[in-house]
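Okay, so chain A shows up in both of these, paired with chain B first and chain C after.
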Partner chain A sequence: MTQVDPQVLARARARITGPVAFPAAEPVPAGLTRVAAGERVWALPAWPDGATPAVLEEYQTLPMPLDRPGQARRVLAAALRCCWTRLDDAPWPGRAAALTDVLELYATTTRGDAELMRRWAVGDLRRLADTGWLLLDEEAGTVRPGPRTALWAEESLAPLRALLRRMPPPPGGSDE
Partner chain B sequence: MSELFEPLLRPYDEKRRAELVAAYMAVEHAAGPVPEVRFPALREPALRRTVARMLELSGRTLIRTSPAHWISGYDDAVREALAGDPACVLPIADRAVLVLVLIHSVAIPRAEGLLTDDSWLSPYPAPLEELRRRSQLTISELEAALRRLRAAGLVGQVKAGADEASGGYVPGPQFHRLTEAARRRLQEELILAAGPDSPLAAAIRARRRGARKERV
Partner chain C sequence: MLVGEAVLGVYRQMFAALARDAGAVVDDPELVDIAETLLSAFAEAGEEGLSREQMRHVCRHHPAEAFENRLRVLRGLGAIREVFPKPNQLRYRASFTSVVGLMFVRRMMLDGGQSEMHRLLALEQLNVADPRMTAEQARAGAEGLGRAFRLWSVELLTLANSTIEELREQAPKLWGTAEIIERAERLHGAILRRWPELDRTCTELRAAIHAYGDASRRAAARLTDSAGTTRNLTLLPPETWRTYARTASREELAGVLDGFVFDAPAPWHDPAAIVTAVQEGPRTTPPRPAPPRPSVPDPGLSDRTPADRSEADRLAGIAEQVLRGRDRVEVHQVLNRDWATARRLLADLSAAHLHPELPYRLVWSDGLRARPGSSPSWLSDGVFERLGEAP
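Showing the complex of A and B:
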């Protein structure tokens, strides 16, 4: 079998495992972006010249399909509204918000059976946590911004801030 | 700016560089193969070689799916190395469900002559009822496995049509991303699973024994 360069293999492995937290003392494979918070560190993909998958839109190319993308976006917005309360700062690392607050805010911003909306939203929160957009601790009942939000370019934050300002304030939290 | 790609991108002017980055992002993140007519860096062989070298840095390779369409996938040696890493393989329930989907939506239609080429994509969905009956999993385990497989792009859901077309699951967009060797390997594994005593299975085992000896 051909020997694979260990650094190449480490980067390929990171693509498969997705953003998995490891202890901050461990080195991040070369060529990946290191995102740290407290004791934990994540290795995220480093794209050339600051490009993001959003470039696909410019080329009329469809990205990987997502189940119920509109709903996932609204759930992410509700979570950010609760966790990213100092909007002048960067979203990462943000602060932990109560899961119940996120679900309540989400339910107030959508139409339909509130109980059903909450159940679906939990599923979306889990998927957003699996992919590194949020950190979800179901036992503690908390949600935080995920490591991927650390990679958002400063110039892309303005429209996001404007959107979050238009949303209702987080139910239980202190809006700053 | 990422240092990883800098040595490969430095020789190019701004326009070429942007074209290379766009092609790289497209083949890595698109749902399906991208047409080279839209990406100059895929159309021109010299630039395409640079895209391929950018992919190689992360163990990826450029795959031509039809005369003018490209996508990326894992390089064969990298795939083999990662398949031995428990953190990189699917849970056994997910694999079992995926195999059932492949049998019903690809292997059976192919045996019936409905699918002819060696693609692993199929318009024939495996009905959920069939997966329920054959998988030996509880309904909640089966649904959890299908949810993970869907999220990973390994299966796609087909809704039942108004014209009584039945719904179910088909192989997902990740199946565009198999190299020729990976497609062949999958085909052989399915033969070994479905007909272990068949002459075809015996031939596959004999060839693999031969290949192992050559390596040693």
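Showing the complex of A and C:
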């Protein structure tokens, strides 16, 4: 086997494993964005020229297919409403919120059987955590924004902020 | 045309040893059809044979020129002969050997050389078991087969080094080789057991079989290699792919994508997409019911004048009411009413002034009347006048 550039190898590994945290002391391979919080660091793909996958739509290219993207995004919005309390700051790193608050908020903002909604929301929270959009700690029952939220461009956040202001506060009363 | 070319290729290969020169071999498959038609007609005719006119009648679907040509060649080569070898003979008969030869040709056309090899091997196997078979005949048979395998492996080796398209075209030659090798080795064993003195010939045959096996494996490996790297699924027949997918081990299947790196799934949730999803999501409060409709049927729009027209008419009516036949009127006279009425009237007069189709004008001058205690407490001087003739 030929010798592979360790940088290339590290980059390939980061792309295969997806957003996996590693200690802050380790270097981040070139071509990846370093997203740090405390002692942990995530290496995420850097978008060329600041473009995000949202431009796929402009080129009429299908993005990565998602199961029920609307539901997943509503769950993400509910989680952000609980975690991203200081809306003038960036969503990342945010703060941890109780899982029950997120589920309760989601169940009250959507129509349907509340118990079923909660179960679906848990599944979506796990999927969002798998892909780095949320950091889920099921044992402690907390959820935080994931490292991928750090890739949102600041200028694209205004409508999201407005939306979160309109959403009802989390029932736990932890809203400031 | 390609099919015809392939058939001709088989003919040329088969009769290359017999042909005087390249032109002596037929260059149109139709000519073979003529020969076959003729030979089957002869078979039906019996010992009487056929006259020239009868032969022409049988071949009436073919052009006369081709028929004459065919008859001349077949007579020249002895496939069709006179019933009695004497001058002015009019009746002809066909040769048995030519019919058998034609059967062989047709079989080669249908199956190609490979299945003929199967037949030869099976035939040789029967011969070897025959007690009348002599060692000399066995040696000749083994040498012939060895030569065939040698030539075959040379052809496959050339193929393995040629372009992949050519290899793909000739790929059917590679299929079922394991069976042929097995048969050949069985035959080889049988010959060696019965005539141990033929060991030298058998060694030659064994080497030829192994050479053939190596060559066909190499060609097949090249084919599958290129099929695997190009992902061109048409390089092999679909059955082969299906069999591979069903029977391959997990490691073999994983090896197909060896060297490929796949990104972890990374769905992107744009802030705008989140906003859209929340806004389009099902709400806790059901949508408001539509307001009740009146139970009487809708009169429709047919007998209503357009809104624009009726507005102009209304303004013209008010203006004429104010003017009362005069051409102009002072504004302060007109507006000397209670505040609500005066305000509405002033609005209508301004509208009449601004309406492009109505011939009225409001002209303001500098004066100002203060009217303490009265209803409009002050009024500017001005006139409301008609432009042009009274209607």
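The rule is simple: the second predicted complex is superposed on the first by the 172 of 176 C-alpha atoms of A that agree within 3 Å, B and C clash if a C-alpha of one lies under 4 Å from a C-alpha of the other, contacts with A are read in each partner's own complex, and residues count from 1 in each chain.
Just so we're on the same page, contacts are C-beta pairs under 8 Å (C-beta built on N, C-alpha and C of every residue); 3 or more make two chains touch, one makes a residue touch a chain.
All values derive from a computational prediction rather than experimental measurement.
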{"item": "When chain B and chain C are modelled together on chain A, clash or fit", "value": "clash"}
{"item": "Which of chain B and chain C A:12 touches, first, second, both or neither", "value": "both"}
{"item": "Contacts of A:51 with chain B and chain C, given as first, second, both or neither", "value": "first"}
{"item": "Which superposed partner A:74 touches (first chain B, second chain C, both, neither)", "value": "second"}
{"item": "Partner chain(s) touched by A:63 [first = chain B, second = chain C, both, neither]", "value": "both"}
{"item": "Touching partner for A:140 - first (chain B), second (chain C), both, neither", "value": "neither"}
{"item": "Touched partner set for A:4, first chain B, second chain C, both or neither", "value": "first"}
{"item": "Partner chain in contact with A:31 - chain B first, chain C second, else both or neither", "value": "first"}
{"item": "First (chain B), second (chain C), both or neither touched by A:116", "value": "neither"}
{"item": "Intersection of chain A interface sets (partners chain B, chain C)", "value": "12, 15-17, 52-53, 63-64, 130"}
{"item": "Touching residues (chain side chain B, partner chain A) in the complex", "value": "1-5, 9, 17-18, 20-22, 24-26, 29-32, 34, 38-39, 54, 56-60, 74-75, 77-78, 80-82, 85, 87-88, 150-151, 153, 156, 173, 215"}
{"item": "Chain A to chain B touching residues, read off their complex", "value": "1-2, 4, 8-9, 11-13, 15-17, 30-31, 46-53, 55-56, 58-65, 67, 127, 130"}
{"item": "Contacting residues of chain C [partner chain A, same complex]", "value": "261-284, 286"}
{"item": "Residues on chain A engaged by chain C in the complex (per definition of touch)", "value": "12, 15-19, 45, 52-54, 63-64, 66, 69-74, 76-77, 80, 108-112, 130-133, 148, 152, 156-157, 159-160, 162-163, 167"}
